[in-house]
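Below you'll find the structure, written out as structure tokens, and then a few comments.
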Amino acid sequence: MSDLDALIADLVIANRILGREGVCDAFGHISVRHPDRPDRFLLSCSRSPEFVQADDIMVFEPDGSPVDARGRQPYLERFIHCAIFEARPDVQSIVHNHAPGVIPYSVTQTPLRPIQHTFARIGADIPVWDIHDRFGDTNMLVSDVAQGRDLAACLADNVVVLMRGHGCTVTAPSIAEAVLTSIYLQVNAQLQMDAMRLGDVTYLTPGEIEASSQINQPKSGSVRAWEYLKARTNQEA
Amino acid sequence: MSDLDALIADLVIANRILGREGVCDAFGHISVRHPDRPDRFLLSCSRSPEFVQADDIMVFEPDGSPVDARGRQPYLERFIHCAIFEARPDVQSIVHNHAPGVIPYSVTQTPLRPIQHTFARIGADIPVWDIHDRFGDTNMLVSDVAQGRDLAACLADNVVVLMRGHGCTVTAPSIAEAVLTSIYLQVNAQLQMDAMRLGDVTYLTPGEIEASSQINQPKSGSVRAWEYLKARTNQEA
Amino acid sequence: MSDLDALIADLVIANRILGREGVCDAFGHISVRHPDRPDRFLLSCSRSPEFVQADDIMVFEPDGSPVDARGRQPYLERFIHCAIFEARPDVQSIVHNHAPGVIPYSVTQTPLRPIQHTFARIGADIPVWDIHDRFGDTNMLVSDVAQGRDLAACLADNVVVLMRGHGCTVTAPSIAEAVLTSIYLQVNAQLQMDAMRLGDVTYLTPGEIEASSQINQPKSGSVRAWEYLKARTNQEA
Amino acid sequence: MSDLDALIADLVIANRILGREGVCDAFGHISVRHPDRPDRFLLSCSRSPEFVQADDIMVFEPDGSPVDARGRQPYLERFIHCAIFEARPDVQSIVHNHAPGVIPYSVTQTPLRPIQHTFARIGADIPVWDIHDRFGDTNMLVSDVAQGRDLAACLADNVVVLMRGHGCTVTAPSIAEAVLTSIYLQVNAQLQMDAMRLGDVTYLTPGEIEASSQINQPKSGSVRAWEYLKARTNQEA
């Protein structure tokens, strides 16, 4: 299998995991930078992540136009990926999703912050982007490059950006970490809400976040987590 | 397959989706206007939605009497459908359900309002109908045309009406949208409750609700959502 | 099939439903009065409800001694059944369970009350029995007839009694209604908690509870609910 | 089957149960003292509990070094087990996990306490260990014997110790009880949170905790619970 085929295979698995774990339902998508053409990126055609197959993976130009569409319909919101890959050369993979647990933090003033070491990679600061600030009343979708760039500016150097009344976008140096971070973001959101109900919360310190993020590397627990999630896609939800 | 047979097939799938997604358990039902006789409507006989089959679909007159019962027992609450199809020519499909997440909003003064764009079609205003106001102590069921018309008057031009201590009724221009709106209503209800726990909530603006509702059309994400939900009915819950 | 065999078959199905629906885990049990000897009752040997089979069903005397044990180990808490069948000739079936949603109401002063018509049969008043009041520090189990009779006295003429730090006991005129009431009790408990979070709750009126309870009869929705739950025991949880 | 092989078989089942019941996901582990060499202990190699098999079980020296690694990679946090087996001769089995329901109690001042008799074995006092107190900013993992001993000192004579921003560690006189206590800890955590929402909570008295813990013995309900959980590992989650 070529490097590209292997990457596509991983992207397909990533899509299935996001569906299986409840991060995506019919909506949401995950992309990865093209290994040979870092200005381009790979992303499924418009399909529910749980049902994506290798033939659905399309290649996109930096402006969001497909390289070889062959009749396949792209996701409307591919401009999220265009703009972040452009602004952040360190990012190799991006997930956009509407994970239910995360949405309440997008519509309130409560900052989402890591409370447990496994979740540290979501980062110390998670900004909230409100499309209304610059674009007024819209259908809330990131429908062009200008909106995508505004989102990317709000993301800045952080790992995650929430999107008011919409969902979130997660960045990572690899497909596996983009998937894991998306899952952990959702779990942290739910547990933080529970913890806040019990009283004042002790969050991870900046030093703990930094140290804990290091261990979520390909050589450590991330491999075990990826294998675990992959195995679960063969079980019914 | 004739248009009518195709519509019946969709209605059967809609029933299964409502069961699979936890909107209906043993109770609840979905109807669609008859394509050739818009005064009539199609509705299953009295059966749990998850187990409805094509032979269970009956045709009803505007007054709720069956056209050709063939021994099949109708749902007691078919008058919900009679009265709304009568009052609202724009409505093509109606779901009545007891989705758990929605019930708390039916017994408190907290308005249910869309917090995320996918859920926008539930509408800006969701009235609560209390059968006790006009009919006093009852078994809470909509058991005749008078009660159905009172419910329809409370629904007015809105998409959804909650029913105090009972459940809700959802209207739509198509079967698929009736199903999707029922599912989104339940998810919005749960997330709104979580968001209110975190602090003051920024709801979608009227303009955002209007613009976001447009995209839930047959040509857009609704198709993907319907295909997704249909595929899931073949998986165990 | 004899009447007794049919009743045993229903009792086995009832056990599986209680396991499938999360009312019982490894613990909890359901009994039914013997059709020919109303002083006796039928109850499984000590086994997790989800795995009970016809051969596990034992017959017990009013004092809790087995009629024909054949080496089968009875449940320790069979005295719950002895005492309630003795005190309440109207009761035909009894479920004892630790359904998670119900336990919080057993350890606080918040009364559990029906908020939706399907749940009306749990009754307007649900007393809480505290074994500590008369028996001091115990292992919390109803281990003899005296404790069972104290529980039955607290139950009085109600349908359900909660047991502090333990669970609940549910009574009914039939196996199907005992199962349905146990499930609805748990769902009502969860929804009431959510509703209380949203604000002041409008509960069913006494008249509505009375009228709604009538419809939970063998000729009405209860049959559909029983068939629904039975069909679900053939699906994975 | 030798005693050792039987113990290994039980340890494998315990791993699967912990995965099936949501106590462990990709992370967490369970150990048991070696039956012939009580200074040593058995623990899987680094693998998600749900997928552990007999060949994965390794033997460890008191200092955490493997007896016969055969290329298998040990868990990084095996020092939790080393230190507790050293400090607590009465402990035969240890579970370390990140069960979601428990984490909120690790980051707030709300003590986790048993509210129902089945959960009594979690103990009257559950200390919270904060790795930051003695080791400052770390990656939160128990990575050496010194950290393990500090954790064991905080555990003292209790059954469970929570770990701030990390998870918990559970001790027991047998594999089955370690598994059951881990599951009950998680359920108690969730129900206690719900109960606190309803009002002031009546917890089990010290005498009730003592008496209820006695019944969780191999001759009583624990056997039924273990058989129940074992049977469930053959069902899809």
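Order of writing sets the labels: A, B, C and D. Residues in every chain begin at 1.
In the analysis below, a residue touches a chain if its C-beta (ideal position, glycine included) is under 8 Å from a C-beta of that chain, and two chains touch if they have at least 3 such contacts.
Remember, it's a predicted structure, so these values are computed and weren't measured experimentally.
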Proportion of interface numbers common to chain A and chain B (over half same, under half different): different
Angular offset of chain B relative to chain C [C-alpha, multiple of 5 degrees]: 90
Distance between chain centroids, defined by C-alpha means - chain A, chain B (Å): 33
Interchain centroid distance [CA atoms averaged], chain B/chain D, Å: 46
Junction residues of chain A, two or more chains touched: 197, 236
Contact pairs between chains, per stated definition: A-B, A-D, B-C, C-D
Residues of chain A that touch chain B when the two form their complex: 25-27, 46-48, 50-51, 98, 100-101, 103-110, 132, 136-141, 164-167, 193, 196-197, 236-237
Residues of chain C defined as touching chain B within the complex: 115-118, 187, 190-191, 194-195, 197-205, 207-208, 210-212, 214-215, 221, 224-225, 227-229, 231, 235-236
